[in-house]
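The same subunit A turns up in both complexes below, where it pairs with subunit B and then with subunit C.
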Partner chain A sequence: MSQTVTIDSSNHLKSLVLERFGHEPDDLVQQRLSAAEQYFTLDWPRLERTPLKKRRLDDIPIFSAPLQPKPVAPSDHALIEIRLDNNYLTHCIVPDALKQKGLILEPLQQAIERSAVRKLLGTLTGKITDRIGALNQALWHNGVFLSVPANLNEPIEVSIGHHATDEVRALIMRNLIVVGPHSRLVVTERLITEASANKMLLSEATEIIVQDGGQVEFGAIQQCASHVEGFIRRIGQIHQDAVLDWNIGEFGSSLAVSGHESHLAQPGATTRSTTVFFGSSQQHQDYTAKSLHQAPHTTSNMIARGVMKDRARSIFTGLTQIDQGARGSDGRQKEETLMLSDESRADAIPSLVIDERDVYAAHAASAGPVDRGAIFYLTSRGLSEEDAIRLIVHGFLAPVIDRIPHIGLRDEVWAAVERKIRE
Partner chain B sequence: MSTPVLEVSDLRMQIEQKTILNGLTVTVKGGEIHAIMGPNGTGKTSLAQTLMGHPRYTVTGGTVRLDGQDVLALRPDERARLGLFLAMQYPSEISGVTTANFLRAAINAKRGEGNNIGLKAFRDELDRVMAFLDMDPTSANRYLNEGFSGGEKKRNEILQMLMLHPRVAILDEIDSGLDIDAIKVVAKGVNSLKGPDFGALIITHYQRILDYVHPDFVHIMVDGRIVKSGTAELALELDKKGYEWVRTELAHQS
Partner chain C sequence: MASKPLISDEYQYGFNDGDVGVLKFARGLRRETVEEISRIKQEPQWMLDFRLHALDVFFKKPMPQWGGKLDTLNFDDIVYYVRPSENQGKTWEDVPQAIKDTFERLGIPEAERKFLAGVSAQYESEVVYHSIRDDLKDKGIIFTDTDSALREYPEIFREYFGTVIPPEDNKFAALNSAVWSGGSFVYIPKGVHSDIPLQAYFRINSENMGQFERTLIIAEEDSFGHYVEGCTAPIYSSESLHSAVVEILVKDRARMRYTTVQNWAPNVYNLVTKRAVAHSDATMEWVDGNIGSKLTMKYPSVYLVGEGAKGMVLSIAVAGKGQHQDTGAKMIHVAPNTTSTIVSKSISQHGGKTTYRGLVHFAPEARQSKANVKCDTLLMDDDSTSDTIPYSEVSNANVEMEHEATVTKVSEEALFYLTSRGLSDEEATRMIILGFIEPFTRELPMEFAVEMNRLIKFEMEGAIG
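Presenting the complex of A and B:
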């Protein structure tokens, strides 16, 4: 049985940080201690439609004693793969030829020994504004550093896996991904946990930097069990003529406060995002996607579709922001939600903030119940109601899921949808 | 298989406490084509949807039996698997689901587990029926009814009927909004099923489709029940004299 600790004071937290992370480079330790101090002064994120008070997040023993790693065989997801199981590195496979070209894939804890990596870490997540941010910065102990060198001709495909057994009480991680000029990366992150009777806190902060002319497809599929209270924040910075595509499938955990943010920082930067979410039982999903146009001639296209059943609840907030001076930019978003039960609820909240005249911006949003007339129509041909709903859900999600370019991820998203329908 | 019999007896139905069907009786046997005619708002579409089991309608009395089985106790999908079919006046548009995939799922639902139709057999049959109905074969790959014109939707209903081989089909205003050429195609579809294994109940406001699908029986429906029955002659008489004639005649009777 593992020991777990509930933190009750700032000094207590700081001593735990020193005990666990004191060996790290000094500047990082200082950063952690400063975050630990803020942990008690800052509150959990204040979300208009997601009250966190009654979830008693403070009662989750986040500082667990080390567990045994549970060795798992490498998957066949990609040639290049890193796996972290119960917070331990279990696999890290990079072909020698790519290593020689300068590709780096390693646990972030190892990478931060180098000052260049430490300098980049946190540049996109920025100042800590709430307790989950403080918690992540103070206690992250897991995550990946991936650096793709410039001018690789072939697209690089990388799989990142995070796995937790039922004993894990906290998964607190940071990922840092840097893609050099004119290289292409397809990276897929998979979050999976075993079910447990006790709550687990998940905190992920991912930063992606795509340098000039680079092209990145970032895919992620979250299938945590229902004891997980999750906070996921992913931010991409897109340089000149570079592209960052997000393909996100949100299916698991009890609470999921997640989102992705694209900083279109230099002219010609492009981002596209596809988000698919499916809530069942009493899941609560609060997703925020942001496209921030900070430079001229930048393009964004955000698409999201979600299905809610049982008593699940979702909020999808989309923000397209075009700063003054970002002329010639084009920002679009569209979100749609389908509710399969009277008890489920879905809000789609699009917003545009435009400070430049010479731009194109558009948004559309809808949330509605499944069409009872359509169900009658399909059942009148002999399909069971269950099959009719499955067909309708498939039809609703297909245009979005089939946009996911990575076939492996697309199939996994379909499989997750299929499972959620049956659930 | 024996000849089908659909027996509707003294059927009563309400929507939100308003009586729509008020003791309707009709029997459709295999080999027979029945037409139910009536003015707008008399409950014709409600009758069709009630027979198929739309959850919006509450049956308050009477019975419906298909081959002796109590239809009212069954869900719409069970009624369909028993051999009942409803060609709807306003078919739903189902985004993201192609007509071909849907039809295959429907056929397999009817055939039951482990007895699925092979892809090639299905495709061949689909191509054959679509050619028969002068339909563009690529339209089976379009999403079901999405963006279809009124005529395309009606044709698609007939396509589904021919693919599913029902024992008794109810066709609700299948002729509304169609030009004569389209009506001929629809009629050709219905006539192709004619035989002892198939009965049809054609619900219509106008007589003209009956020029192409010859009815054995014509019933006039007013205020939720059948007030007059006869042969094809009755439809012609009605066409000439109008529904006012029926109302006047009813008034005289009472």
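Presenting the complex of A and C:
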């Protein structure tokens, strides 16, 4: 069993931080200590539509010591793979040829020994504004540093796996990804946990920097068990003529407060995002996607489709913000929800904040039921009602799931959808 | 290139008539202020109790932390009651000359000459002129000011007053409930159709004046009515506050339309709560034009409580220099087979800001219901901004909700096409703007469409952009 630690003051938390992370470079330890100070003064995030009080997050023993996992065999997801179990590195495979070209993939804990990495860490996540932010900065333990050198024309494919066994009470991690000019990267993150009777807190903060002309496909699939309370924040900074694509599948955990943010920081930057979510039983999903146009001639296109069944509740907030001076920018959003149950609830808030005249911005949102006519047609052709609904869900999600360019991830998303339909 | 404004920023109704009030309260709001208003109006005890309760609610509620900037609004600086004349005029001749001059300049008697069904004019806190056409009176339609209605029709009044918007609804509804004065009361009996619009006109004249009119409209079963209001105020260096409450009940199979062309001076805070309840197969339509004011926060709403009820909001917002139009609509579907439509058109220019803020809610009971929302914004220059914040809440698997929005500049392709056909840039731009707001102007009664055309003056020279 894991050792349970109760922490009741910032001094107590600080001594825990020193005990666990005191060996790290000084500036980082100072950062952790200042975050520990804020942990007790800041509250849990205040979310308009997701009350956190009743979820008793304070009762989760998040300060318990991480557990050493058993070794696991490498998967066949990609040639380059890093896997972390219960906050510890289990393996990290990088072909020598790529190592020689300058590709770096390692646990972030190891990478922060270099001051250049420490300098980049936290530049996108910014100031801590709530207890989750403080917790993450004070106690992050695992995560990945990935650096792709400039001018690698062949797309690099990387798989990141985060796993947790049923004994783990908190998974607190940070990822930092830097892609050099004109290089291409396809990275896929998988979050998987074993089921447990005890609540687990998941906190992820990921920063992605795509330098001039770089092209990145960031894929993520979250299939945590129903004891997980998840907080995921991913931010990308996109430089001149660079592209960042997000392909996100949100399926698991009991609470998922999750989101991605694209900072279109330099002219010609582009982002496309595809989010697929599927809520069932009593799941609560609060997803936020943001496209921030900070430079001229930037484009964003955000697409989300969700299916809601049972008593699930979803909130999808989209924000397209075009700053003054971001001339010739184009920002679009489209959100659609298919409702399978009368007990489920879906809110959509697709907002536009436009401070520049010479732009095009548009959003569309819709929610609708399963077409009874289609069900009648299909059942009259001999399909069971269940199969008919399954076909309709497939038809609804296919246009977005098939946008996911990475075939492996696409198949995994389809498999997750299948599982949710049968659930 | 330097250019004249596309839509005139000059406020035409910015004159004032000096202080014409016969009774003006000291600034600030206290319990005594409310008691004094009620005493002057010789109100029944229940209304005084209602006001005092609302005042408590007002003091308790915090200022809204969303929407526009309210920091220069000082409740202690406002005059809560100004009585402009001793008596209400029944004919135009009875109205005091100074006030009459104002309304002449605004075109009120002209409107009556055009055979509008009824005209009511509110100056400061009280209704100063009121008239209704005899044939409508004969049909049983009641159109009077709200204070007279409380005296003359106490039963109907008490049955419906405050039922659609209770004082607890929001801080400004509470303020209105505490200090309300004037406004219109409309009652359309069962099966009666009022083919011609009932019209009201509201004007603030004094500096730092707060106008708190309260309108209550009841459309009985199978009836039809159309109510139209307009608003103006002079320009002073300090702010005035207009905080109205409009409650509408649309009974089974009735249809009601409420049209507003709000053209307050650019120093008026316009914080208004407008809500209608639509019963079975009833139709409620809000046609809402927001051109004036410093800050408007107004979201006309329809509670679709009866099966088959329909709601519509058609709105236009124009924000010029220093203006923020934070407007939108709310559709609350709580019964089966209900439908709603929201069409919002916004234009931002000269550094103005428009915000569309809307809500479409489907309760679990709202089976087989539909909603359609469309918001379009035109940004005319580089200093102007626009936000679109639509909320949709669906808790039911048998509804259809659609939302669409765009934010663009005037299309260069369209301009090029029109100018290549021999139109000047101004003519081409005007044509594009008129086309953009046409879904709105087409729904206005003739007099108001003319008024709109006067308000939206296109005096532009040279190319835009």
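By definition in this document, the second predicted complex is superposed on the first by the 421 of 423 C-alpha atoms of A that agree within 3 Å, B and C clash if a C-alpha of one lies under 4 Å from a C-alpha of the other, contacts with A are read in each partner's own complex, and residues count from 1 in each chain.
In this section, a contact is a pair of C-beta atoms (placed from the backbone, for glycine too) under 8 Å apart; a residue touches a chain by one contact, two chains touch by 3 or more.
If you're wondering where the values come from, they're calculated on a predicted model, not measured in any experiment.
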item	value
Touching partner for A:Gly373 - first (subunit B), second (subunit C), both, neither	first
Which of subunit B and subunit C A:Thr337 touches, first, second, both or neither	second
Touching partner for A:Ala116 - first (subunit B), second (subunit C), both, neither	neither
Partner chain(s) touched by A:Asp347 [first = subunit B, second = subunit C, both, neither]	second
Which of subunit B and subunit C A:His394 touches, first, second, both or neither	first
First, second, both or neither for A:Ala362, with subunit B first and subunit C second	second
Which of subunit B and subunit C A:Glu385 touches, first, second, both or neither	first
Which superposed partner A:Leu79 touches (first subunit B, second subunit C, both, neither)	neither
Winner by number of subunit A residues touched, once subunit B and subunit C are compared	C
On subunit A, the residue positions that both subunit B and subunit C contact, one per complex	none
Residues of subunit C that touch subunit A when the two form their complex	364, 377, 379-382, 384-409, 465
Sites on subunit A touched by subunit C in the complex	324, 337, 339-370
Residue ranges of subunit B touching subunit A (in the complex, touch as defined)	49, 52-55, 75-77, 79-81, 85-86, 88, 91-97, 102, 105-106, 109-110, 143, 160, 164
Residue numbers on subunit A that touch subunit B, as the complex places them	371-374, 376-385, 387-388, 391-392, 394-399
